[in-house]
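In order of appearance the chains are A, B, C and D, and numbering begins at 1 in each one.
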Amino acid sequence: MGLLDPLFRWTEVDVLYSDEARLQGMLDFEAALARALAGAGVVPGSAAAAIAGRCQAAYFDARALGLEAARAGNPAIPLVKRLTALVAQDDAAAARFVHWGATSQDAMDTGTVLQLRRALDVLEAELGRLADGLARLAVAHRKTPVAARTWMQQALPTTFGLKVAGWLDAVDRHRLRLLELRPRALVVQLGGAAGTLAALGDKGNEVVLALSRELELGVPGLPWHTHRDRLVEVATTLGLCTGTLGKIARDLSLQMMTEVAEVQEPAEEGRGGSSTLPHKRNPVACAVVLAAAMRMPGLVASMLAAMVQEEERGLGGWHAEWETLPEIVGLFGGALRHLTEAVCGLEVDPRRMRENLETSRGLVFAEAVQMALGAALGRAGAHDLVQAAATQAREERRHLRDVLAMDDTVARHLSPERLHALFDPAGYLGVADALIDRVLAAHAAYPGSGR
Amino acid sequence: MGLLDPLFRWTEVDVLYSDEARLQGMLDFEAALARALAGAGVVPGSAAAAIAGRCQAAYFDARALGLEAARAGNPAIPLVKRLTALVAQDDAAAARFVHWGATSQDAMDTGTVLQLRRALDVLEAELGRLADGLARLAVAHRKTPVAARTWMQQALPTTFGLKVAGWLDAVDRHRLRLLELRPRALVVQLGGAAGTLAALGDKGNEVVLALSRELELGVPGLPWHTHRDRLVEVATTLGLCTGTLGKIARDLSLQMMTEVAEVQEPAEEGRGGSSTLPHKRNPVACAVVLAAAMRMPGLVASMLAAMVQEEERGLGGWHAEWETLPEIVGLFGGALRHLTEAVCGLEVDPRRMRENLETSRGLVFAEAVQMALGAALGRAGAHDLVQAAATQAREERRHLRDVLAMDDTVARHLSPERLHALFDPAGYLGVADALIDRVLAAHAAYPGSGR
Amino acid sequence: MGLLDPLFRWTEVDVLYSDEARLQGMLDFEAALARALAGAGVVPGSAAAAIAGRCQAAYFDARALGLEAARAGNPAIPLVKRLTALVAQDDAAAARFVHWGATSQDAMDTGTVLQLRRALDVLEAELGRLADGLARLAVAHRKTPVAARTWMQQALPTTFGLKVAGWLDAVDRHRLRLLELRPRALVVQLGGAAGTLAALGDKGNEVVLALSRELELGVPGLPWHTHRDRLVEVATTLGLCTGTLGKIARDLSLQMMTEVAEVQEPAEEGRGGSSTLPHKRNPVACAVVLAAAMRMPGLVASMLAAMVQEEERGLGGWHAEWETLPEIVGLFGGALRHLTEAVCGLEVDPRRMRENLETSRGLVFAEAVQMALGAALGRAGAHDLVQAAATQAREERRHLRDVLAMDDTVARHLSPERLHALFDPAGYLGVADALIDRVLAAHAAYPGSGR
Amino acid sequence: MGLLDPLFRWTEVDVLYSDEARLQGMLDFEAALARALAGAGVVPGSAAAAIAGRCQAAYFDARALGLEAARAGNPAIPLVKRLTALVAQDDAAAARFVHWGATSQDAMDTGTVLQLRRALDVLEAELGRLADGLARLAVAHRKTPVAARTWMQQALPTTFGLKVAGWLDAVDRHRLRLLELRPRALVVQLGGAAGTLAALGDKGNEVVLALSRELELGVPGLPWHTHRDRLVEVATTLGLCTGTLGKIARDLSLQMMTEVAEVQEPAEEGRGGSSTLPHKRNPVACAVVLAAAMRMPGLVASMLAAMVQEEERGLGGWHAEWETLPEIVGLFGGALRHLTEAVCGLEVDPRRMRENLETSRGLVFAEAVQMALGAALGRAGAHDLVQAAATQAREERRHLRDVLAMDDTVARHLSPERLHALFDPAGYLGVADALIDRVLAAHAAYPGSGR
């Protein structure tokens, strides 16, 4: 927990990837393995108890294990050696059965899966909070007109509620993806040195089942030492999630620009200041989320690249995951936390949204006029007429309505009142409201929503 | 279809991404939109027929449209203009309703989805073929001993059937992932310029439903112009699939090395030769698959990076997908096709596999001896004894069995016959057979398997 | 040259990567090799002439070669076979010496280097045009005040000229990088099957030197079949260049937003329109450049990943380059061309730039006031006073100057005239002008600049 | 320094990126800035001394600063605040001038550059050690025959010295690249809030020059707050370097395979063991290097993606660098250190190399025979004859020499003695020796080599 962690990560997730948590994950495996072996009659029950009694991270020195791991090639080797020595202090006979039948990767992978389960629990709950926050925002602003912007140019009026409903819809899809991957990702790893469980004679499958019951994890078809899609899918899915968070943050940051100023991140003492500029209120949450969105594709790519693992144990590919997957979880956690706070406390300025609809001097209503004229003139004819008026309005810095009001063709088909009404955003929102309803209904039906 | 396409891609998939296919995708949208609009009473039925009659790629010149697209910013704009002109030749009234209520991205995205559906159909069928080929191979070699290799070093005996079952298990997981993403990815896009469907008045949702029925696509919660997770999930999932193909190809290429020579890609006239070396038989399929596995992470990263799309239409992010997604589908298709052919015609040399188990002069059986001695000496004691013998055997270039046979402690616990038997691979395969059965059973239960 | 190429690529660069250009690159190698062999007395001079006479792409059918390459594993193998057959038609004796002593990769790599040299020539010239266009813009707007924006918020006044000078400075650095990599990248490849040139007996080095003279390429220390840093450096350098283009495009796109409207891409018939919105003028060049900036990091990553090539010829890594490097060159070329055109025809609106400096109601001058008060109050005291005033101004929607004018402390230290002057952007531009001069001077000194 | 750092990183480099080092980098900037301001007469000399006296990381609590940075958005803001408070304890007047005229990014970027300079010093020295170790190996094995392998198949004989010379040549190219980037990367950052140095009035450039003299860094054309190519080039260049390290490690790992066994990483107590297999000696250095080579492309991609930074201060892009660049330097340092140790202590087995040349039953000499017959039969005729013999040899598991000895055509052109001699690797090494000499000469001429 150093200089940059509080900014980029979230304690509730990141603690799962502390050295201590990593050690505890492996030790939870070793303890459960001992119990499973005892249950299957492979080792004495007393040995299991003695082993489990020492499976606590506090007994171990991560730094010392790290130095040995630098030679051994992975941290499970010195951990098992040290665990054996500790158990031997208590019960020499039990020490003979530490790590029985297992390989280093069994301990490390199962430990990773256990950490991941805790992380997913926390992250899914927070995604739920974000979704609920968005749902509230969509409800509150379902009638708030705002400019829709395409290619970063004002296009048409829409509502802020519909913008938010789009964000919500995507977040809820991600929640479903995370549910779907759980049975694939949250499985036990136990294969012994080569995946045959040979060291357990004919008891291999029995022990795997017992181990999975101990840890409440699924049973894989076979050991997956070099089949990493189970874990990499977590990475790709969090990559997808982060893409959506980045999209939301990009939108917010554009709406927060000085010249737009439609929303603001929640105000807080010491938040978003500047070391020299007294007036600044920087969008810190957006910066953190966007930074994560820039870093994540590369990290996901690393996980995908590392899938090409050789035969029964990868050379380098497996190692490449050890820091990358925690990084992915940690960065996503930090970004999610920041965005949830920003969304839940977002300051929305409907007045400014409406004012900005006037920035273009009516051009944002061009399609409304075109559709109104289209019935009489055809789509192409109306398009040409309005395009010419729009160009004139832009060049002469006049309001489109005023230009159109001078046009004989327009006058023939639209009364002054009708023309005026076409420049009211509330009159050209299509089915925005119904779309919001559909998304909210789906959200409400989502398991655990509506809190 | 040029110089490198036949090597890297697969005609049945790649044709979906030809310019013609891309045009046809958009035209299928325009035709279906016209029918949907007619069904909803927005445009006359005669107009729909006239429009649909011109929605064939053969009427369009991709090169000419491309030159206009370079100025317009996307190919749908000149396509709609040209379609309108063509329809006008047949029925001037109908031409007024071309693309009615839609925006360029509606046409392009729905077209992409339609192409993608065809691609997924083809790819899933081929993945099924690969899986079936692997299943046959696992059955045929379930008893064939071969060295398991960890860190690219011989570790223990296993069976070739178990190696193959591991590949199969992963491939079947990917097939499930592809099924799960279909309802998210295969949905219609129709939102109009800003996602409100404002140009359709109050008929927006009705038209969306009709359009989805026309195209047999799902209905999204709302337009997803800048929510790209639907498409990007296809990319990440094909990225996962490619990782597994790469892992299989890496394994095969290692087993194909001159010094290992346990398998060979199918022989074929003109395949894998060299421009100068008369004896070469190069693993072309592996090269293609491994090349795809190296390129895919970067391409998936591009798709993830492009998710950060601004407000109602992205500036650059949307454009970044247009070539990247087809590239991903095309490279995966080519790799899949090559690997399926290699697997289905793989030449396996069980004799050489058994010979290679002798390469290490018995070291590959070290764990078997250790476990046999472990009951008497404890795991640690046995480990130390065998490790010392292994070091001696390596240094003196002797067989481990011979070194052990001279050891008094060994002699005390293991008869010469028992010691000899420990160096038989068939005696130390653990539950390999049962694991193969489990994977085959799951495969057989998979929808559409066993063909 | 299809539907998307005119938008994303640039003919002058892309043609280098057409199938025809790729074939010609290899054929140029074969012709030069034949001459070099003749020069070294390895083959008869008549053979060289006969071979060179057939080394024209027009004699070859890329599609047919592609189909053979799909089996052979690379296109050089069928090309050499076909070339041999063609030469045999003219001179049976000469046909014996086609490709003498070389391997496929020698032809493909040297061909790639030849294509790359042409591409670099074109790209460097265009980078020069871009730099010159930026220099002109910096000169024209060296006094034009505009808001500097940090974290996408108005910070201080700066000049548009200084913004542009920053772009120019980066572009000129890239030009230097491209010059530096030339001697590493533009070298001949000739090693024979394994890099020993064994097939040339003791004439190997002599032939390499002669070949390099023929092609005007450098001589490498030794064959670099699996040492790809020479080519990958081109990729990483174009990646860096694209990052800068993306930064410029992002800046332009933000300044082009409807609410900011400080610049516009050049107007052109049919440029940046919309299929439905009559008033839109979309920043097409920015979209193309930003799309390239999103795709490039993944493509560069693919090249870096492919560097891990096995022993004397890579399996997959080499193949992964064949399409990726042309893609990088092509996308960069397209982005560069679009940006150069946008910059050279950029419409700049100094009036709007000055108006936007009023958007914040004086907050953008907060630091100027703070520094003026700092002499008397200290930096911290001044910061606190101005920060409080800024908060009040924001909350009450008042101008900062008006709030400060009511403050007794301010009144004590600043006369009304002095206070008023602090809100003039021209008074707080620091050394902007001198910085522009420095950059322009460096640009003028750059070889070939100032055209 | 935790569980995985000793394995993946190298203390001498990693310590540069500890929190303490990061703080010290910023503090070195603040101290030098104070002195530069004093030198330019902007602040009193006594203030500079008082400020510099507190610019030591030991006075600061990284964890507490981190918590504030999470709100402020960067660690420089709370650092400056805390530094100001500390200086005020000593000299209230001096405290007014802390960070005078600078912005957070000035402190953070210059600090990064200072850290980077130390890292480059260490890394370049170690690259020199690696190069020297390779040079020694190339000399020692310049005559050691070994199989050249293409597509992971034996191709021809070469020498181990030539393989090593290829590695050396690439490493020396990287050393040159690192020298070339120094003047671009190692420059001072000082621009104030918006890059105009406005807060320093007309003293801006004078202070920049003084600061650069204080820190012995270069002077940039103008502030480069959002022009990140200077730093990203370090990332891409280390990416290139890592690619080469990965290539060497891949080669070594293939030569270390049980079935090949031509080289071994240095033996060391506790190195490369297994938690269960007593005989294993795992290539730990290769695993670490290959893991870095898999992770690096994604990390470099993140740096490239983050180059698109907005206007005068990036939102997210700048933040994305803070952990990514140290990660790149750290992973490269660890990989470099591991590989240097492995190369300097590499165990080479020339006997086994020669034995492996017999694995193919003479096929590895096929080209030698073909070239010998080519003079008489032509290249194509000889190719066909030898290819047929090779196929026969493979199918009948006979030695190619024995098959050829039975062939009448061969007998007509080659005496039994000549045929026998063609199967001697020493006779078909081309100009391997001369190539090694060329590379060694270039290495010896490299500044600082030959230690």
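We adopt the following convention: a residue touches a chain if its C-beta (ideal position, glycine included) is under 8 Å from a C-beta of that chain, and two chains touch if they have at least 3 such contacts.
Just so we're clear, the structure is a prediction, and the values are computed from it rather than from any experiment.
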| item | value |
| --- | --- |
| Selected pair, greater C-beta contact count between A-B and A-C | A-B |
| Distance from the mean Cα position of chain C to that of chain A, given in whole angstrom | 32 |
| Centre-to-centre distance between chain B and chain A (centres being mean Cα positions), rounded to whole Å | 24 |
| For chain A, residues contacting two or more additional chains | 73, 99, 149-152, 155-156, 192-193, 199, 249, 253-254, 272, 274, 276-277, 282-283, 287, 290, 293-294, 297-298, 300-302, 305, 315, 367 |
| Chain contact topology (line, ring, star, complete or other) | complete |
| Contact footprint of chain D on chain B as seen in their complex | 147, 149-156, 253-254, 256-260, 272, 274, 276-283, 287, 297-298, 301, 305, 356, 359-360, 363-364, 366-367, 370, 382-384, 386-387, 390, 394, 400 |
| Touching residues on chain B, where the partner in the complex is chain A | 73, 84, 95-100, 148-152, 155-158, 162-163, 165-167, 169-170, 173-174, 177, 180, 184, 192-202, 204-205, 220-224, 226-230, 232-233, 236-237, 239-240, 242-244, 246-247, 249-251, 254, 290, 293-294, 296-298, 300-302, 304-305, 307-313, 315, 367-368, 371, 374, 378-380, 428-432, 434-436, 438-439, 442 |
| Contacting residues of chain A [partner chain D, same complex] | 1-8, 19, 22-23, 62-63, 65-77, 80, 99, 102-104, 107, 192-193, 199, 249, 253, 268-277, 282-284, 286-291, 293-295, 297-302, 305-306, 315-317, 319-320, 322-324 |
